[in-house]
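Shared between the two complexes below is chain A, which pairs with chain B and chain C, respectively.
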Partner chain A sequence: MPIAHEFEYVKPTTLDEAVRVLAECGDGARVLAGGTDLVGWLRDDLVAPDLLVDIKGIEGLGELGLEGNALTVGACVTFTDLIESETVRIDFPLVYEMARTVASVGIRNRATMVGNICSAVPCCDSGPVLLVYEAVILVKGPSGGRAIPATEWFVGNKTTALEVGEIVTRIAIPLPEDGHAGAYVKLGRYRGEDLAQASVAILALPRDRYRVAFGAVAATPVRAPKIEALLSWKSLGDSLIEKAKRLIRQETSPISDVRASKEYREHMLPVMFERGLRAAAARLAGSGPEYGTRFV
Partner chain B sequence: MHDRDDREMGAVGSRLVRVDADAKVTGRALYVDDLTFPGMLEAALVLPGCAHARLLKVDASDALAMAGVHAVVTADDVPGENQVGVVDRDQPLLPSERIRYSGDAVAVVVAETRAIAREAAAAVRAETEEIPAVFDAVRAMEPGAPKVHDDGNVFLEYRVRKGNIDEGFEAADIIVERTFRTHHQEHSYLEPLGAIAVPEEHGGVTIYGTMQCPYYVQKAVATVLGLPLAHVRVIQTVTGGGFGGKEDSPSEICACAAVAAWKLRRPVKLIYTREDDFYRSSKRHPMTVTYKLGATRDGTFTAAQIRVVADAGAYSTLTPVVVFRAAAHATGPYEIPNVHTDAYGVYTNRQTTGAFRGFGQPQTIFANESIVDEVAEALGLDPIDVRLKNGLAVGKRTATNQLLTESVGLPETLRQAREASGWDAKRAERGADSDPIKRGIGVGSIYYGVSLGAKGLALDGSGAHMNVYRDGSVRIAIGGTEMGQGLLTVLTQIASDALGAPTESIHVDHVDTSVVPDSGPSVASRTTLMTGNAIIDAAEKLRATMGEVASELLGVPTGEITFRDGRVGAGDRSIAFAELAAECWARNVNTAADGWYAAPLSTFDEDGQGDAYAIYSYATHVAEVEVDTRTGHVRLVRVTAAHDVGKILNPTTLEGQVEGGVLQCAGMALYERMITDGGDILTPDFSTYILPTAMDVPEIETLFIEEPYSRGPFGAKGIGETPAMPGAVAIANAIYHATGLRFLELPITAEAVRLALADGRGR
Partner chain C sequence: MKKTIRLNVNGEEWDVDVEPSDTLLEVLRGKIGIKSPKVGCERGDCGSCTVLLDGKSVRSCLVLAIEADGRGIITVEGLSKDGPNELQRAFIEHNAFQCGFCAPGVVLAVSELLAKRPHPSRDDVKEAISGNLCRCTGYEPIIDAVIDLTAKGEE
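Then we have the complex of A and B:
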């Protein structure tokens, strides 16, 4: 099905130019990077922008690497870039593990992490992981730049804190200071590419501290502060894990849709949480399954 | 039938690389949407989306006012009969009074571009008045259910009566009875349906399209346009998958394009989106199958009573043939002395259902092969032993009381699958109770009547036209279709050996109905058998005429002349095939010939007794699974697939057929679920309706048993359907072995497994 709606297409070469044309066009403009969400929406007539601003010609947006003690993920960095980066694999293994679960190889070759969080569907894989790393999203607009914490980024289903005329330039993912481990557990219906029916990201820090986030079980990806508070500063044991599992219902609000029922999601969340938590703890201790292992 | 003693096997049996591989891999292959014609317009359909409604008015005024719109074609514009029913005349091409399902189209909008056509189609307003609908075939059989057609919803009934059912159950030590349900399955071919209709200056029309059955399309287009068949030429374009889905449905889309082109006197292209395809193409029939099986203590089956209710959807399309096949085969591949089968075709206000690989059998197989396992377990017997004990073999009789006289490879498929899968050891294994991952192994066996059988549409013959040019190159026109299964390759091999000409010198074309006579449909695993035999027939005629010339040239009696490896002659006196062709040309000898093959007649009386099909193919699949009891996820680890194919023509294409079928079985068993809400399909795409992907492929071991069929080309039988048949129930039986969960409904999703375990079911 061709795209029925006509639109203008520009491919600026500088960020300033991109910001200028975005500001001129207002809410009729959409930013195009990998296009794996946007082009599908265009073809299905779910969006009808007047202008597409292709940012793939802007130098610097493909940047991926450690800057100080944070990982810079430029707006044009694809999931394949993340998977293939040694820095990501070694220093940010949870990002690596998550990236490998996104769609299929062909999609990962185009789809970007920034695009993933700009689309902001509740099941976006990047969401829970950026929440637990406490990443910061850097945007640029006509009145300059600003930094939005990941915790404030997701506003609702397909809505973000991004203002009209603004563009995300990169994500900064801080490197936890004295080591960390993690696990990303994704529920799909099969091994083929699937949207998460539920997802859990666990970040384990030294001295029994944990960060936990869920995806696809609320209007946005969500952090789980009650679970984190319960787990923190305690040694992880069966009864503590059981207590934490009971809190999941307070942190999430899954619904039924064509992919999975609320009942099944509610059943799966504790199973996934436990698998992820045990794996993250084991990995922090230097054992546990290799990153990239499927938990479901 | 074909005397092969004079020749060695050459191309047949080899792994000849697919003759269409290069074109498809490089993108040179032209599918229907790649074609364009001068002055061509594009079309889109208007689907009101009602499940059941009276159609009061089609208001096209807004659409017609849009720039670039040429016409809005409705029932009033159909010059011939507004009818596309394949078997029964119950399906209007464009309904004018009543909408019976959400896929019914009331108008075809034609415009300069596809985008305009689609926009305009959305602007056409259908005024409708909803009437009560029925979405379940069992409910549709009840008195007082809304009637989809005025004559009532049960439009078809087949019965099989063999022996005495009461005595049979009397003699049984154990009787097991269960009701099973299966649901819609979408063919999910890569290429959605599409057609181009081109009006011709002589007053006829030429149709290009993706299809399995060009002669069905020819008939449908002639009917709606009111033209003689000779004025409708159908050319099959490169076809991206069929699986049965391109048997009946192409008639509808091609007829829509034809009516539009006829009105405007311009070429019209109509291509479905995937969503259109979900709404309008025929699916696998949902069936409710009640199966009651009796057996003595030693595992001998004494009686089977079966009731099959098939949901035909809004129109019967191929249901009469599908339900016949389901009824004839419903016992499974066993000799059972007393059989009582009733099978019904029932209208509902759902998507139409028709042909899908297996053609009505996978649904009854799910029932019969589950029950056989239950009987075996209740008697403390091994499931494969029970199958071997009762299984069909030469000298045994089917449910229709047909005596099997040759080519019955079932016992061998069971024995080889048992051996290769390590069945006995794995069956005995019992994992630790504490391990949340449970392992299981299960089996399913089937038989399948090759070709159309007694209640198929009348014609069961196929033709071929073979033309040898003066340089020895050969071009062959056929009536069977390549749809991705590898037909052109296998036919090239058959032609090569039949003519003694090298495979490189042979080209086989897609179907053009103006060249080859009506050859029936490319369905029912019949095409290699039927078209292959037609090619052999043509080659025999050419060998006779060309052989005479060779005899004269070489001074060798015609009886001693052989055609082999590109040379013709006897002993050391021979000439190249190409030289002989040149010599024939120089002597005004015709080097073109027509071939024809007709299937032997089949019978099926009103009690379902007779020789229902000329020959049967047999298969056994053994599936091994791992079930994660905490999540419900079933991982299909390994499948051993043993098939009796008569004769291997090309091991590579054969393996491809089987491996693809194994995956379709996995889809039916575990994943594929079309969710509807009234007339709305909530899963009209591959993000919501999921198919097994490369990531889900198990280890597959294919085993081929060659029990030759005396009438088959080189002894071959059909392979098209059988790979998609035994696997789903083998998986269900493996899940039972792993967990103790006996599922009565497919698909067995992770969610279904987990929720069943949470209910305390299983071990």
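Then we have the complex of A and C:
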């Protein structure tokens, strides 16, 4: 089925030009990077922009690497770029593990991490991982730039803190200071193209500190402060893990939809959480399964 | 508004007039006459529209033709100008496809893998074709063909 809706297309070569064009066109414009969500939405008539602004010609938006103490992920960096980066694999292994679970090679060659969080569907794989790394999203608009913490980025289903006329230029992911490990556990119906039915990201820091976030079990990806507070500064044992699993219902609000029932999600979350938590703790201690392992 | 774009398709230059809303899949099939990329799910799930864009497998149903202006596209027609290549012959020997609808996508996905990793593991092959749905074979003969071909090279 062809795309029924006509639109114009521009491919600016500078960020200033892109910002100017977006400001002129207001909410009639959409930014196009990988297009793996946007082209599908155009075909389904879920969006009907007057103008697409292709940002792949803008120099610098493909930047990926350590800058000071943070990983810069430019707006055009694809999931394949993340997987193939040695810096990501070694210094930000949780980003690597998450990127490996996104769809399939043919999608990962186009889909970008920035596009993933701009689409902001509740099951976006980048969401929980960026929450636990306490990443910052850098945007530029007609009145200048601003930095939005990941915790304030997701406003609702497919809704973000980005305002009309603004464009995300990059994500900055701070490197935890004295070492870290993590685990990303994604539940899907099959490997390959499927979206998450539920997901859990765990970041383990030295001296028994943990950060936890869930995906696809609320209107947005969510951090789990109660679980984090319970786990912190205590040595991880069976009874503590059981207590933490009982808090999951207070931190999430899964619904039934086309991919899974509420009950299935509620059943699987503690299973996934426990496997992820134990793997993250073991990895921090220097053992545990290699990154890229599937836990469910 | 129509715009003329230039595509290099299997080594040949094409100037084609496209609307911004035309997908690469539609332009390849409808305007250039390359029929190996198939119209399947049209949402990126099935992999039957796979082509190589500058060497990387992409879903041509999710790429606008205008985005590919000035770039190189390889389809199965470009791999087999002188008859089936080594990989395609391995698939034939293993009777790896039945209806063949997924075959062009699988051939290209595996070609991309072998360019990066000439001696892949079984898991590497599974990962590479995980986004290419085949409803006939159960995948095993496809994977067997690739492993058989690439293990031969190792001896």
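In this text, the second predicted complex is superposed on the first by the 296 of 296 C-alpha atoms of A that agree within 3 Å, B and C clash if a C-alpha of one lies under 4 Å from a C-alpha of the other, contacts with A are read in each partner's own complex, and residues count from 1 in each chain.
Here is the rule we go by: contacts are C-beta pairs under 8 Å (C-beta built on N, C-alpha and C of every residue); 3 or more make two chains touch, one makes a residue touch a chain.
In this text the structure is predicted, and so the values were computed from the model without any measurement.
Asks: Evaluate whether chain B and chain C can sit on chain A together after superposition, giving fit or clash.
Replies: Chain B/chain C on chain A - steric clash.
Asks: In this superposed model, does chain C or chain B come into contact with more residues of chain A?
Replies: Higher number of touched chain A residues: C.
Asks: Where does A:Arg191 make contact in the superposed view: on chain B (first), on chain C (second), on both, or on neither?
Replies: So A:Arg191 meets both chain B and chain C here.
Asks: A:Tyr9 in the overlay: touching chain B, chain C, both, or neither? Say first, second, both or neither.
Replies: second
Asks: After lining up the shared chain so the two structures overlap, which partner does A:Gly106 touch, if you call chain B first and chain C second: first, second, both or neither?
Replies: After superposing on A, A:Gly106 lies in contact with chain C but is clear of chain B.
Asks: Answer with first, second, both or neither: which of chain B and chain C does A:Glu263 touch in the superposed model?
Replies: In the superposition, A:Glu263 touches chain B alone.
Asks: Does the superposition put A:Leu52 against chain B (first), chain C (second), both, or neither?
Replies: second
Asks: Contacts for A:Val39 in the overlay, against chain B (first) and chain C (second): which applies, first, second, both or neither?
Replies: After superposition on chain A, A:Val39 lies in contact with chain C alone.
Asks: Just one of 1-9, 19-27 or 703-711 in chain B runs into chain C once the structures are overlaid; which is it?
Replies: Stretch flagged for C-alpha clashes with chain C: 19-27.
Asks: Please report the chain A residues shared by its interface with chain B and its interface with chain C.
Replies: 1-3, 104, 191-193
Asks: Using the touch definition up top, name the residues of chain B that touch chain A in the complex.
Replies: Residues of chain B touching chain A: 114-115, 118-119, 273, 628, 630-633, 635, 670-671, 675, 682-683, 687-688, 690-696, 749-751, 754-755, 758.
Asks: Which of the residues in chain C come into contact with chain A in the complex?
Replies: Contact set of chain C toward chain A: 1, 3, 19-23, 26, 42-47, 50, 53, 56-59, 61-64, 66-67, 109, 112-113, 126-128, 130-133.
Asks: What residues of chain A sit close enough to touch chain B in their complex?
Replies: Its residues touching chain B are 1-4, 104, 187, 189-195, 258-261, 263-264, 267-268, 271, 296.
Asks: Okay, in this complex, where on chain A does chain C touch?
Replies: Contacts found on chain A: 1-3, 5-9, 32, 35-36, 39-40, 42-43, 52, 54, 56, 80, 103-107, 109-110, 191-193.
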